[in-house]
Amino acid sequence: MRRQGLLLLAAWLGSFWLFAQQSGWKHALSYVASKNQTPIFERNTLWELVWQHLNLCLFSMLLVMIIGLPLALFVTRSYGKPFLGLVSNTVNIGQIFPPTAVLFLFLPIFGFGPTAAIIALFIYGLLPTVRGGLLGLSTIPEDQSNAALGCGMNAWQILWRLEFPQALPSILAGLRTSLILIIATATVAPLVGTGGLGVPIIAGLSTNNVALVLEGALPVALIAVLADMTVRWLEQVLVRWA
Amino acid sequence: MIKLEHVVKAYGEQEVLKDISFEIAKGELVVLIGPSGCGKSTLLRLINRMIELSGGRILIKDRDTRTLDPVSLRLGIGYVIQSIGLFSHMTIFENVEVVPSLLQQNKKLRRERARELLDMMGLEPAQYGQRYPKELSGGQQQRVGIARAIAADPEIMLMDEPFSAVDPITREQLQDHFLGLKTQIDKTIVFVTHDVDEAVKLGDRICILNQGLVQQIDSPKALLHKPANDFVASFLGEDRELKRLSRIPVTDVMRSGAHPEARTIEKHKSAKDALNRLLAGENSLNVIDDQNSIIGTVNLQDLQG
Amino acid sequence: MMTKRFDPVLLLGAGLGLVASLFPLLLFKANRLVLGDFIGFPDLPVPHAYLMLLAFLALLASAFLPKFRLPIASSLVVISWLLLNWTISLTTRQLLADAPAIARVSFAPGFWLALFALYVACFALSQRWRWAFLLLPVAVLLGSWLGHYELLGPAVEFRSVASEFLPQTLRHLALSLVSLVLAALIGLPLGILAFRQRQFENIILGGAGLLQTLPSIALFGLLLPPLAYLGRSFQLSQVLIILAILILFIGLRWVSSLRFLGNLAVSGTLILALPLFGLWLVSLLSGESATLKSWLNLNSSLADIGLRGIGAAPVLIALTLYALLPIVVNTHLGLRNIPPGTLDAATGMGMNARQRFWRAEFPLALPFMMEGLRTALVLTFGITTVAALVGAGGLGFFILRGVENAAPDLVLLGALPIVLLALVLDSFMRGLSWLLTPKGLRS
């Protein structure tokens, strides 16, 4: 497991090294670009695009965690119980909403620009995380919560020593789904006025420039796969008992 | 140690327990038994306030439990349940150390204690301590469950059908082990079961509940010999005399002297074992001690007392 | 049951409604270029706006009613929503009365918040009375009639693109449904294979999972170069010849020593034939007569029949790949969840492998398979939104055009139907799955 972690770290570092090789990309992509087309996006370097993308995703993800996990926690406590039905119903219906459609649904409300994109990404990303949190926190094995109570744990100890660790697999699975969705949806976000790796893809698709499309598509695919593997690795490390 | 005074528990209109009063002395093991739905588990859970009383009161060391904080009350009471309820995300050591860690005891000391307890429960600490519960068999898990309950050395233990989820052979082993343990740990124990044999085997006193009322509370021998009413008699079964004999050591029924041609029976066997051998065709049996010397003799007449 | 002291969820809904009614409900734009003015509470017609506010306050108070809470609150929910829409329609007409034809009035954040408040309130009421949820569609329909939505931006935009709306909707449906069919044809057997042959389990499940993590437009991008190359370089006749040879080789399956080659030929045939079949089906469903005609001409290149770097081909392939995961995983799960005793019993009764599959395994795993198909359909329908980016059309077309023209109303015209249709498809698949579930398994 430690070896896997080191390999992942190496993969991340290697990818970032790769993203920094602006001239290398230009050279490689010129083979697929047709004549008199630019082989690489010129307004930003690939490195900048990657950081824009990651910024967008990580910021939305941070919001998701700050709001989503406490929300799931709140509605599974006795004082939040009245809202449990509302939240779980909303989350279930919300998952049927296509993420890209949601991205554009917020356009008329918040206008063009990064704010709209972040809010849309955040709201959609909220759904899997809240769902995972709800699932985990509401399916604590009854014998264990009985034993915890009988041991003399107070509510706070039950939360930290029993419920949170027991819910962790579901929470992490939810976070992973949220992260992957956000990375993917953020690729379309340039249409509502942000930067990121979607910029060269969309520019390339509209000018029929394969090189630009690949400049965005390859890194974003790499980042998505690595992110997925990283969270899966984290699940393995943190949940050794399951 | 524990005193129940006119305990009532009702769910809505339905009274599960109606007016229960009895007392449990220090160091005593009282078994609560009765048909399903008689309220025996409810009564147990009232003691550590897992559920709240509807009427009456429960005193522990002369203090009304309702005046105590439920959490600190439970910290002082060991609790073992049928479904075991080991924390699946904690190692065996961590499970055993839960209550000591809640009480913020020293880490080194509590690990030392956990080793000692696992050893006492017949589990090799070096082998099992770092494992997770799913890697243990049901019987082993329940041993850990008991170790967890006594880890902080509580004066009182509540055990809710602790041995009924395991197979008969393991159950017997656990019961024997527990009997041995009981003499070492000196605790006041309330034990719920639905198994009459288990109650007779383990209980200092047995409390038979039915329809929310105490039908009879007495020592196993007295109970089996003189059931208070028809319900108790039929609940204990037609073979209650046999059960009674199983609680009587053969040394209690033997006469002094020796029968010249008789075979021998060890002194720690029960009167029921002796009866079994006698019915199989022996006329009498000589009782021998650990040094194989005869200390008495027994025949069928002796058993009819 | 005693009525609780107050209903916190209803209170939340009413509170949100109250906040919403004080927020700008409408956005007025004299033309497309200006930022526009928000029209909020101070600008609304006088008695109506106060009545609306009063209705929301009454709803707020009704959450504390000890008696008759349900009927009173239900009526208040509808009344407050209708009053809100009445104010909207009056305001809209006022705004448009002396504005140029190019002026647009559209919904502002307050309206959407009010819609959400309506949902929350209806949900609160439905906890007490199941059918209260029907208040939501009833209120929305009545509101849209009373609110004269036909004067608002999205409706105006709709009229300008009305002739394209139905074809693009059908196109959207065709793309997602055809890829669902393809994914089912591949995914169901793969799921069964993953269950039966343990050595393939991890490869199949892991591969499908990996595909799912790729962002859709990145996958479109990655598919673009190879598909463009294939479309340019091959003719229909060549492909048909290869296909014919492969089909002949399938016969090797029945030669025991060459069975592997036969199976390879089966896979090759499927890999080649399925995308072509999908392309043909999409052009048939979206009525592209020119493309359909090319199928009859053996000399047409693959690009002529639709296999290009952009257009339907990359969308179909990407969607099929995305849809595989839920289908494969659920099929596998469904088969694994069958109690072993059931299968033993079936074997013991004297069923052969085929009978056992069709009479025991398949019906028992069917609910899971249907769940996989439902998830896959919702997924493909959603991803089709970005198909417009590679020129494949669909409802995303309006979104893209709205973005290009900086017309949020047009964007809404694409996004709203997608959401609504996704909800309809989801309930349709749920219903279908319920019908197909053996009676004894229905919950």
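Labels for the chains are A, B and C, by order of writing; each one numbers its residues from 1.
The rule we apply is simple: a residue touches a chain if its C-beta (ideal position, glycine included) is under 8 Å from a C-beta of that chain, and two chains touch if they have at least 3 such contacts.
Everything numeric here is computed off the predicted structure, so don't read it as measured data.
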Inset, instruction - Could you classify the connectivity of these chains, where an edge means two chains touch, as line, ring, star, complete or other? - result: line
Inset, instruction - Can you pull out the chain pair that has more C-beta pairs in contact than any other? - result: A-C
Legend entry - Middle chain, criterion being Cα centroid separation: A
Inset, instruction - Just give me the whole-number Å value for how far the CA centre of chain A lies from that of chain B. - result: 54
Inset, instruction - Mind checking the centre-to-centre distance between chain B and chain C? Centres are C-alpha means, answer in whole Å. - result: 60
Legend entry - Euclidean distance of C-alpha centroids - chain A vs chain C, Å: 21
Inset, instruction - Identify all positions of chain A at which a residue touches two or more other chains, and write them in rising order. - result: none
Legend entry - Residues of chain C that touch chain A when the two form their complex: 7-9, 12, 106-109, 112, 119-120, 123-124, 127, 209-210, 212-222, 224-225, 228, 309-310, 378, 381-383, 385-386, 389-390, 396, 399-400, 402-403, 406, 408-409, 411-412, 414-416, 418-419, 422-423, 426
Inset, instruction - State the interface residues of chain A toward chain B in the complex, per the touch definition above. - result: 141-144, 146-154, 157, 161-162, 165-166, 168, 239-242
Inset, instruction - Please give the residue numbers of chain B that touch chain A in the complex, ascending. - result: 48, 50, 71-77, 79, 81, 83-91, 98-99, 102, 132-134, 145, 148, 158
Inset, instruction - Would you tell me which residues of chain A are touching chain C in their complex? - result: 32, 82-83, 85-86, 89-90, 93, 96-102, 104-105, 107-112, 180, 183-185, 187-188, 191-192, 197-198, 201-202, 204-206, 208, 210, 213-214, 216-218, 220-221, 224-225, 227-228
